[in-house]
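In the two complexes that follow, chain A is the common piece, with chain B as its partner first and chain C second.
Entry: the complex of A and B
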């Protein structure tokens, strides 16, 4: 036993008793078993560790708070004894941000899981952060509203997770990314202080503090309540599937649709490989690339947008395949995520998602560069899941097999080559959900010093998710 | 361990938790370990030798209501409950099952049912002797949950038979009162088999069996054959038996049911037996007001929480799950809850003693 572990053990005994005072005995666990479920998120490296039977890290405790006050008291205790705290939502991120790299307390927020109320007058939903996306959307739908956030992980990820990772959903083109949906936040800081940002539609009173915490991976504070913009459920939905010979043609059509002021709620511009694999598996039979467009709104509005979009697509080489391809894809838009299981079940099989964003000028080049950088024995599927007047995002899915057995090295090499190619072609590599971990470890990032200053001010003892955002990336713990 | 479930365990372990929201235990606890993904990952780790197959892991595999809702959201149609049930069998063999399960078995062995009363004697006080006929070929099997908790529902069932001129159904004498579901759910396969063998004798003459409980219907129909006991193939839940008679116009409705009802789909009646329409048809026929539905209904209905032995191993969690399910009942206009399973009924009663809760049979009986 090392001196350090003995000291930590002594702290743990004391802390356990004090945590039990806060939440009761049943909502704090120190079982080693929890290490299996709480040691990782869905980062490929962690999935591979699990496949090999490794539990790379374990929290000392898992705690399930039920109120802002409990979160505040827990953070105060942990701050006092310098115990790391990692907030945890669904654990479905792809960057390892919810993994308790330094052990300590995992703060599982899923018992704070209510849509507290809806303000119909202001179109605001007041939500607790641990609510799972599918439940939140269901509860809103029952009252005639939608949040408009549909990540692939809707059935497992939480609102707090979306906020902490600055996530994008499949309807981001219309409803925006998660940061666009936030009106105000309640955040508990490392010392237990509770910060409320103001609930107002827009402000001109200095920097927007919401954006300090959105995307911070819980490294600057723990979000305990969010006022979210919500929208009336659309009255009508328009579907259209257009095939293009090349991705460039599809990108041009999509850019012109957005420039004309029309925002599809859901869209997918699938490259040839994506069409031949993911969409074909759904029964969509088109050749080339496919632009699936879904417009939501009033009947006359969606009809008008649909007709105009169709016209733009036709003028740019699009072949109309009617409603079916878009409808089928939209109804089964989560289906592709099931593919992960059979891939990993096979010895050496790996699957990795990468996300990159680029302005329209560079978009086609980014797609080309990633494709060229990907080895021939790796299946690369790409699609544009959301787009804006100035550019678009790409979701790349790489499926391969490490024949020599070192799957982790294979993934890292393949991924890094693709990321370098994307960056080289002008993309911002955002990964899928959040980047604080990456940012903390990228010394060349000019924003790093500013962020570190903020971190030191808000969390001087560096207890909050130190693995995700470390002052010294080489020694996060 | 559980090599024949390799695919199920591995697929869930590598899945990005796509069914996470559907797990009643995961939702009630907020604990990742108690989700389908969490429990299957534990079994994967046991197979990898990283985690010891001990009492604590066994405890986790008991935290599943076997509701099968997760399968509804799985494109691979992975069924998690059979894996959990097989793991429980392993746990009992190695005597690492939860203490509550140990105590349950002792109790069951003494009483031959999960409730601790002489249910056969109790049944004879509920129905007149004319309702019993050991030679009958069409037998009503009330289920021990009904016998212990819902005498009136059993009486009402026979009132309905009488009103519909169904004079060929006799009540099972309940000499072996339990279908064995609780034993199966807790992993006691040897004891389940013994119980099944006894049932085979006492139900040998039955050519048609009608049950008052969906779990009994599933157990007699599917689980008994798993241990080599084949009863008649014609086994029906009471709603399956009554619905065709209703369509034939045999149910004399004298007064409609006037209160607003909301229907809860029991897991074993719905997802296991595939019976969704019959209870609704019966209720819609007699109710003045349209039947209200939970927003998660039919294939997507959430569990009451009491399935899979959880009522034995973790009653507080059952209560939490049931309370969550009931939230929608309180929304909007006042409603009574109706369902078609005595276990669901009792579970909801325990969660809210003031709530008006009825069996489909009780609703029908009030209208004749």
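Entry: the complex of A and C
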């Protein structure tokens, strides 16, 4: 537990009273329990630490704002006394983005959880950031719409979290990634000023500043409202499962389907190990690699897509397994993400993920390189959950037993080996503890220096999620 | 005519010659005059009247990124303004050297570095002309899908810097959707490269900061963009709608049902009447500008109005143009119907499915099927408009275009608000294009003139002030794809509000000495 200086304690007493003035007594907490609960997200290393009874950096307060105005007043207060503020959504992040690295205030956004309104004419949903994905989707579905964003964490992550970490859902091929869905944002800056980007379908008026806040992990401002593009619920759905002898054949078929202009909504190209472990557990029985395809859209459209996709798969070595494998996987697609805890419960059992994206030219090599870099005593499962005309994303899962029960060391070692191999083969590693939280900084990176400079101008007291865009990532506080 | 002498010092000249060779540095009057403007109407008006605006001191043609780095370092060291220049087709003065200095003509950086046929990406130098890139891609079986009407006289770097959108944006996306990776030289001479991956790395998206920055944050030297296989088939459809509102409704429904037409353009009554009336094969139907010279304009308008109902005075419209804008703008009362042209392209079967669905939707909201011909005529003449404006200027008038965009909910309101706001000031007509799930853009063309150039300039400024005022009151954005340059810079605080401080922060970090394209976009 961190020891607080006398000065910090004095500030805290003062701040507590002022926070209570803003949100009332019930929406501020400094209890130890809450402090532990909000000390981390789902980053493997910190989950393991907590299991071992070690909590490195508890927040001083947890605050639950209910409006943009409250967020603005809270930030103004914290800015005055140089108190760190870390926005917090569902806490499902895997990179420690929402961890309060320097203590201070955790701003839990989940009371700002409403779909405020829908513009049916313009297909726009005006949303508060703390809404849980499944709730948002449910509210939209009731009115005949979908956002089209389906991360594995849909049941426990928030819109604000997706935006702040630039998430991609399982149906990104059809509906786009979260950044493609944003029309405009409302953001509170460190000094409490409220900024709106203009609501327009497209603008040529300079840089697109939505993209500055998307992916910046709360380090430049707190997102308090988003205008999101929404789509009519599709009328028809088509399922198909195809088995391939090798992952390479499956990659080729998938690439050609996208090249021909057909976009699956959900897809999963699973390698043999992924089929034998994850998909089998969901009730899918196929041998070899599996390409599960789902097309959503107009009835005539999905039939046509299905027929043409099937043709392409057959020409590239695919064996048709009918609707069943894709239907079963699609129906259970969220289940596997909640089955990780049992692995931790097993003594010394460790599981780690790595996401990597590559253009098609490098895709097979990335998969090969990661497989080769994985130690013999570690099981590697790989699948392709995202694919675009230019390339695809891989999700690698590494399962093993830690030497001497040192799970953290296992994670570090396995992950680093896979990461280096993927990068070496030309992949962009999207979950690398890289950008905002700073590790892996390279000296000659002007982009990083510019962001640090912009951060200093927007947040001169460095109160917003100080672990992100930190000048010295090793010592953010 | 004698031009003011170049301010470039002997040392600067020598150093530039050392970097790119003597043949690639020019201080000639002709070059300095040529590069003093782009295609901004207000600059064309001046040029036509023999007025000379701010001149560059020197024009330099770098052949590679290493040279660009050295030139920018030199400029930064000597605090010399530096303006990147593509093909000069911009219409907002974005490439005009307002404070003199160096013009960096990028057109020698025109190599296609790599075409990755497996990943469907092309990497090319920023100075390549759009049409040359497209032709080379076509020859090898691909298309970039980016077709601005300036395609023969605009560059890849210009598209990126000005956040361009082509005529087939609904299918292929706008330039920001096509770009995967960029290379840019910052105001310090540092190089910034973004990786070309299907997924952006964590943190803010640098591509989206650089795209649209019009050379004020960095000079784009190379880009990797998505390409698509050449379409195997193309379908053309045309529908006539009774009103603007029903036509707009059809566009909205097409997008709402996730159809992806390649082109989709709806002409307002006046534009339709003119587009639909000309019959000579090969003549452009794109715009009223095709009917210049203005002396015949009145006769043409008269001929389209049934039963000779047109007031006789309008037959001499050339003379009245601008001065009697209010009268001319009432012509739409006589015009009937709004034309929608649609194209679909790609796989034979997929486009058939889409075209059938589009026909159902259009007919359901009152569209009459006019067959493929009007759409095919548009297709044939789709690039002509940009080359027909000069005649207006010969008459001392000014023609300009305004492309606002807004959500569907506000489209009709925006259309009427803008027309009402400029009704007394200019002749104005419009078409609707670049449709999205959430809205579309309205492309207004206006012509105005006055007794002399000063008054014409003032009239032109008044039209913009009135139109942008209406635009912002409705809640629309003031530019869909032309950009800002200097002609719209005064509107930037209203357009961005508090977000302007973000732009300023990036400017200070990326170009601390303010040498990159100074005086543009509402920045210092």
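Quick note on the criterion: the second predicted complex is superposed on the first by the 459 of 477 C-alpha atoms of A that agree within 3 Å, B and C clash if a C-alpha of one lies under 4 Å from a C-alpha of the other, contacts with A are read in each partner's own complex, and residues count from 1 in each chain.
One rule holds in what follows: contacts are C-beta pairs under 8 Å (C-beta built on N, C-alpha and C of every residue); 3 or more make two chains touch, one makes a residue touch a chain.
None of these values were measured; they are calculated from a predicted model.
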| item | value |
| --- | --- |
| Side-by-side fit of chain B and chain C on chain A, or clash | fit |
| Which of chain B and chain C A:12 touches, first, second, both or neither | neither |
| Which superposed partner A:132 touches (first chain B, second chain C, both, neither) | first |
| Contacts of A:51 with chain B and chain C, given as first, second, both or neither | first |
| Superposition-derived comparison: chain B or chain C, residues of chain A touched | C |
| Which superposed partner A:389 touches (first chain B, second chain C, both, neither) | second |
| Nearest Cα pair across chain B and chain C, whole Å | 21 |
| On chain A, positions contacted by chain B and by chain C | none |
| Contact set on chain A toward chain C in their complex | 95, 119, 121-124, 165-166, 168, 177, 179, 183, 189, 193-216, 220, 229, 231-232, 255, 259-262, 297-298, 300-301, 304, 308, 357-361, 386, 388-393, 427-432, 434-436, 446-447, 449-451, 453-454, 457-458 |
| Touching residues on chain A, where the partner in the complex is chain B | 29, 31, 33-34, 36-38, 42, 47, 50-55, 62, 64, 88, 90-92, 108, 110-111, 113, 130, 132-135, 138, 142, 152-153, 155-156, 334-335, 337-338, 340-345 |
| Partner chain A, residues of chain C touching it in the complex | 116, 118-121, 162-165, 174, 176, 180, 186, 188, 190-192, 194-206, 208-214, 217, 226, 228-229, 252, 256-258, 346-347, 349-350, 353, 356-357, 405-409, 434, 436-441, 475-484, 492, 495-499, 501-503, 505-506, 508-510, 521 |
| Partner chain A, residues of chain B touching it in the complex | 7, 10-22, 27, 29-33, 35, 37-38, 41-42, 44-45, 48-51, 56-57, 60, 73-76, 295-296 |
